[in-house]
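The chains carry the letters A, B, C, D and E, assigned in the order they are written, with residues numbered from 1 in each.
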Amino acid sequence: MKAAKAVLSKRKKKSSKKVGLAPGTVAYVGDARDFDAAINVILYSETKDQEIKNASVKDIKFEDPAEGVRWINIDGIHQVSVIEQIGQTFSLHNLVLEDIVHTDQRPKLDEFDSYLYVAAQMVTYDADSHQIVTEQLSIILINNTLISFQELPGDLFEGIRERIRSSTGRLRRLGADYLLYAMLDTIVDHYFAVLEKIGDDLDEIEVNLLNEAANQDINDLHSLKRELILLRKSIWPMREVIGSLSKSQTFQKNLSTEIYLRDAYDHCIRAIDTLELYREMSSSLMDMHLSSLSNRMNTVMKTLTIISTIFIPLTFIAGVYGMNFRNMPEFDFKYSYAIVWIVMILITLMMVRYFRKKGWF
Amino acid sequence: MKAAKAVLSKRKKKSSKKVGLAPGTVAYVGDARDFDAAINVILYSETKDQEIKNASVKDIKFEDPAEGVRWINIDGIHQVSVIEQIGQTFSLHNLVLEDIVHTDQRPKLDEFDSYLYVAAQMVTYDADSHQIVTEQLSIILINNTLISFQELPGDLFEGIRERIRSSTGRLRRLGADYLLYAMLDTIVDHYFAVLEKIGDDLDEIEVNLLNEAANQDINDLHSLKRELILLRKSIWPMREVIGSLSKSQTFQKNLSTEIYLRDAYDHCIRAIDTLELYREMSSSLMDMHLSSLSNRMNTVMKTLTIISTIFIPLTFIAGVYGMNFRNMPEFDFKYSYAIVWIVMILITLMMVRYFRKKGWF
Amino acid sequence: MKAAKAVLSKRKKKSSKKVGLAPGTVAYVGDARDFDAAINVILYSETKDQEIKNASVKDIKFEDPAEGVRWINIDGIHQVSVIEQIGQTFSLHNLVLEDIVHTDQRPKLDEFDSYLYVAAQMVTYDADSHQIVTEQLSIILINNTLISFQELPGDLFEGIRERIRSSTGRLRRLGADYLLYAMLDTIVDHYFAVLEKIGDDLDEIEVNLLNEAANQDINDLHSLKRELILLRKSIWPMREVIGSLSKSQTFQKNLSTEIYLRDAYDHCIRAIDTLELYREMSSSLMDMHLSSLSNRMNTVMKTLTIISTIFIPLTFIAGVYGMNFRNMPEFDFKYSYAIVWIVMILITLMMVRYFRKKGWF
Amino acid sequence: MKAAKAVLSKRKKKSSKKVGLAPGTVAYVGDARDFDAAINVILYSETKDQEIKNASVKDIKFEDPAEGVRWINIDGIHQVSVIEQIGQTFSLHNLVLEDIVHTDQRPKLDEFDSYLYVAAQMVTYDADSHQIVTEQLSIILINNTLISFQELPGDLFEGIRERIRSSTGRLRRLGADYLLYAMLDTIVDHYFAVLEKIGDDLDEIEVNLLNEAANQDINDLHSLKRELILLRKSIWPMREVIGSLSKSQTFQKNLSTEIYLRDAYDHCIRAIDTLELYREMSSSLMDMHLSSLSNRMNTVMKTLTIISTIFIPLTFIAGVYGMNFRNMPEFDFKYSYAIVWIVMILITLMMVRYFRKKGWF
Amino acid sequence: MKAAKAVLSKRKKKSSKKVGLAPGTVAYVGDARDFDAAINVILYSETKDQEIKNASVKDIKFEDPAEGVRWINIDGIHQVSVIEQIGQTFSLHNLVLEDIVHTDQRPKLDEFDSYLYVAAQMVTYDADSHQIVTEQLSIILINNTLISFQELPGDLFEGIRERIRSSTGRLRRLGADYLLYAMLDTIVDHYFAVLEKIGDDLDEIEVNLLNEAANQDINDLHSLKRELILLRKSIWPMREVIGSLSKSQTFQKNLSTEIYLRDAYDHCIRAIDTLELYREMSSSLMDMHLSSLSNRMNTVMKTLTIISTIFIPLTFIAGVYGMNFRNMPEFDFKYSYAIVWIVMILITLMMVRYFRKKGWF
């Protein structure tokens, strides 16, 4: 739960810094970072591939490579000067640069005359803290160059790099649009990984609740619902992004990529289905929990009521004959004590019968 | 309930295995299976029919039979090599093969240039465990050949095979598109069978709840709601599948099949209606149950309160005259005891009247 | 409530019988009936009218009457042979025949080349059992002949027959399409009659709930909600039926009928509005009831708590001086008894003041 | 609340009278009235205006006045003969006449070849009974003549008449379409007056609920919700009416009126917004109330539990030493009494500490 | 909470004053104000800028400045004469003037032949009173002149003025349409500032609720929900305003502004997303709170029940032997007292074991 709150707080801090600035001002609004932005360039075509680690921003030229695809990856958007220089090199609109450094964008696709801008949220699950961690990924697709901007080093795309290096497969043959697809597909696939973890948590909470669980589980359920709400904010717009990508004209659609996009779109809808399913299930769990609480309360109250209604009258009778009046005729009557016992036993039996008839046992 | 959980868990396990693989990688992600994939081919036309059991994958050729329809059924998608060979023979797209072996697809219809791919969920009800069991069915329609892929041996289509063998009726006269329709229609019909079982369970739970049922019934209701949520995930998209099938160009629509498709579409909507009706009814049941719990609690509390408020003051009076002070004038007064009894009876009568006026009896 | 359950059970029983049969198989799936199907034919034109009771199915010819309208009404769809013969005479599609005998159809309109098929649900209210009774009505409109199929003898259309016999008015002048409209209009009008009865029940339940009603009323409310859910299933699709009827080309629309259809459509929407209004009201009633239950519980608990917290300490004090220790100095002190009484009265007053300050009185 | 019920009951009574009649039968179905229908005609143009009170229905001719606008207002639709004569004079369709006398129409706009029919609900708030009172207004716009039908004498349009009489302003200059607009605008404006009153009631209920109000307020809230539900039925369709009016071809749209219609449409949407806002607020109030009830119950129970758990054990101890066994060694021990007191005080302190630690004080 | 109520009350007071007036009557309906309307004019072009403070309404001419943009800002719409004079100068429609002085408009965009009218709600958060304060802003865009009408002095646009004065940047280069955009963008940005504050309140309430908070927090949550409902009323229609602005033909769209509008539109959607997220979170919090209340009640009741069920039977036993019958054989038996103690301890142990088995400890 602390995790979700952290995410929430982070998100909120960001926007307020911006109020009052002119639109298009490139100002980083996220958490303070203490590392330098790192630029990695991968050049690949069907026949060769090359990686340039820690490239200097000055070496990045506008021109596409002679052949194949160029993938420029930048980790560390907090270093605004780097972003601005990239922006200048590729003539990106100031609003795009603002969106890149202004984390917590809603996933979206913006088409410009000569390039595409895609904003997405990479979602991972931190197993230690049961936290969902989101990181903004911005992608510029300009001719055969793809530029990706990330908040932090380390990402989900090591598999893609591996596929590029291994020199076989579709990725090396097809253009930068396929690379863009491959990155989005990886992000969507990770939604399932996260949803699966949430599903596990949901299962655990359910088992606990069925076993008359403690208050803690309800707090867990509440925080899980919150994570689902936050996750939804990332996943829902992604569907639109992929949907409009397949309709985009800038995006060099060849038939092959179109099929893949449809596949990614299907996956996205499936993730949304699962999300909504979990939301409904957690609501149903809450209902069940409330009903089970009431049920247990009923049991507790019945116990109290049975014991009380049996013994309170008996205690009263005992109290009567504990009085110290001089002339209580019963005291001197020989069988009084026995009769009192008989009366008390009869009352008890009647009560027990009454409760049994009412089905309280 | 255990059943629904099992289904849920199965579903979740699948997707995570895939994360990191290239799109289009044909990797089976379901439960481990210990049987070999079995291929059965049925050839039929208006005049003749022939069944080839346990055909070898190598014998399957791309070419359609000279006349009539070829139905290739494969049980056991876990044997990926078989699926890949079929894929090669019929030039299926890798993404389609991936979808075939990647169970828990959302029902969908994908149109390709030369073939159709339909994914559906066969839903059956295991009476022993009160479980809904879902199994993925993938269908490829390519010219006059229909290829169906199932997870397990045994299916819902024995009736269709019987109709083919019996050599009368529409099925033998019409093409592969009618066969596809007949299979989807069978699946939709089975939704009703499952919904009927759920309706019976719902009736039983209702009767139990009206008879002041135990906590168990609420857990049953919760698990029933979960099954409805899961079932919905299978049925809702089916409507779209059938709807877009009737609009598909690849699908060789003759007027006859179109009428049947409309009929299947109507059935699908009816199944959805019934599903939503059950969902609303289970919600209403939950409300009624909560209200009835509160009501019962009220009854319990009233009993306790009536007994307590009558006897606690009386016990107090008895307690007062059980005190051992030397000079309590009442002790020596002759009629004290009788007066105390009279007072106590009066108090009781007043209380009873008060509660009666309040309508607690 | 029993009624709604009966309806529900009936509905469920039907579908499962069909699973496994070929589509278009004409098999009756409803309750067993012990009467013979009766065919009544009414021939009317502007100038004359004629009724043929208990016509034989063999006498029914395909040809329209020379002039005017032919209305063939069949009570008893369980006699499948009759339905099939009619189907043969008028070349009806097998799927239509299946829908006719397969009761519990969703109201729908199917257009064929030469005829229209309309399925509707006649809804009546059985005052004795507070039950909604639904009966399927199937209508075939083919040229100037209208064929209606009903489950049971006795229907809502006696008023229409009366208007035909009385030889005045629009009905005699206009064609079979107007007759179809008149029948649907009658069905829609009966929705209001049923809704009115439900509204009366709702009013009664509300009055009872406001008067701190018993648990029974909540069960009534629950069953009323269920009837609304079932009713909705009949009324909602009717709107579509009438809507698409006015767009149908087969349907011989003259301007006159079009205006009437729009009127029926408006009525249908009004019925739906009322239905949704009742649904919301019953939800609001449930909320109010739950709140009122809590309120009453609060009152009960306050009574108990006031009595207990006043008398339990007093009883304790009395108990203390009922102890039998030898050397209890208070026993010998002359004013002890009076002081104890004073203390007890003071405690009582303090308690009363405390509760009054808390607003519990 | 009684008011809303009255409205509800009225609404329900109406429809059932109609069942069985031929469509287009002009039969009044509302409450019995004991006054005669009154016809008032206002003729006005830019230069002159004339009012004819209590005109005879025979004097009403079909022809428009030579110049300017004719407004015929009829109070008392229960006098069906008058309505029918008007209908004959202006060749109105029977269905329209039926709708006019059949009160409780859904607001709607029906276009005919030569005239427009508008049905609306005038809503006012009866301050004495906190009731919403609805009255049906039917308007026929036929060339430059506007005919309005009301259930009762007295209406919302005195302001419009005043503006006509005062001979300045737009109303006198523009045609009958502007008069129609002005009437609808007045009705929409009255929605706000009614909503405002409901808002005041809502505020009052909220203040009462925050001050731990009585059960009465919840009943008020329930009846307020019901009035909102009923109001919604009047307001929502009004938006469509105004929307389609601006698209109507019969309606003589000049640019001027179009702007005013857009304005009325905006007001309508604003009224709907406010309505929905109140609905949400009343739901939120209900939630808050339920939570506050639970909270108070908690307080009550804590009080009871604290007092009981402290004194019940003490009373038990006193009871033990009130026993009359011969050989109870404690009785003869000198300090027994003091020790018992010390033990009892210790127990009390422990209990108090325990409850304080639990945060119950 | 008081704040939200104030806002609500203000809103409601306004509309009722208007009922009965002719449409287009310019009558101020808001709170009484005691300051004079102030007019400030800013003239700017790419090369120069000029501010005229407290301009007289008579000096305002219809003609645009020779070059650049004219921004006329009017604080104080309660002075209707000023508004009317402006309206006359620029030939504004009376309905527009009515909307300007009639505060609490729904945000909207009205296009006229020669000018645009935009109504928006400026939302700020008063930190002292935890209040949302809304103020209506009306904007007229007519050629290169922008006229803004505000209720009160002091606004959100000081940043824009600063950017105009600083003579650098886009604002000075582009036309009045960009100024309009910049103002709307500022308003949308302030939504985030307000949402952030609400998010902080929500966090605080959540922490308090998790720490078993007092009733006060629920009232806070209720008032927060109300502020969200009110805020929603301002933000939702803003999306439409910006959306239709980008489609407006009057609005001099150059490509540059279009991109900015899209950006503002995205921000608006993001604000709506956050709003809905907070609404869902506050609902989830309410659920959690109710569940936690039930949980605590359970704990309280268990404590009471355990203590009562253990001690009530023991007290009964003690009461029995406190009776004063002559011939109670136990009294004379030597070990009676010890046996009674043993019995009582055994009963206690049994009870404790029973409760432990039930999991109540």
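Note that in this section a contact is a pair of C-beta atoms (placed from the backbone, for glycine too) under 8 Å apart; a residue touches a chain by one contact, two chains touch by 3 or more.
Everything numeric here is computed off the predicted structure, so don't read it as measured data.
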item	value
Chain C and chain D: spacing of chain centres that average the CA atoms, whole Å	26
Distance from chain C to chain A - Cα centre to Cα centre, in angstrom	42
Touching two or more other chains - residues of chain D	290, 294, 297, 301, 304, 308, 312, 315, 319, 322-324, 328
Pairwise touch network: line, ring, star, complete, or other	ring
Cyclic chain order - from chain A, heading first toward chain B	A, B, C, D, E
Of all residues in chain D, those that touch chain C in their complex	5, 8-9, 12-13, 15-16, 18-24, 93, 95, 99, 105-106, 108, 110, 112, 212, 215, 218-219, 221-222, 225-226, 229-230, 233, 286, 289-290, 293-294, 296-297, 300-301, 303-304, 307-308, 311-312, 314-315, 318-319, 321-324, 328, 330-332, 334, 336-337, 340
Chain D contact footprint on chain C (complex, rising order)	159, 163, 169-171, 181-182, 185-186, 189-190, 192-193, 195-196, 199-200, 203, 206, 210, 259-260, 262-264, 266, 269-270, 273, 277, 280-281, 284-285, 287-288, 290-292, 294-295, 297-298, 301-302, 304-305, 308-309, 312-313, 315-316, 319-320, 322-328, 359-360
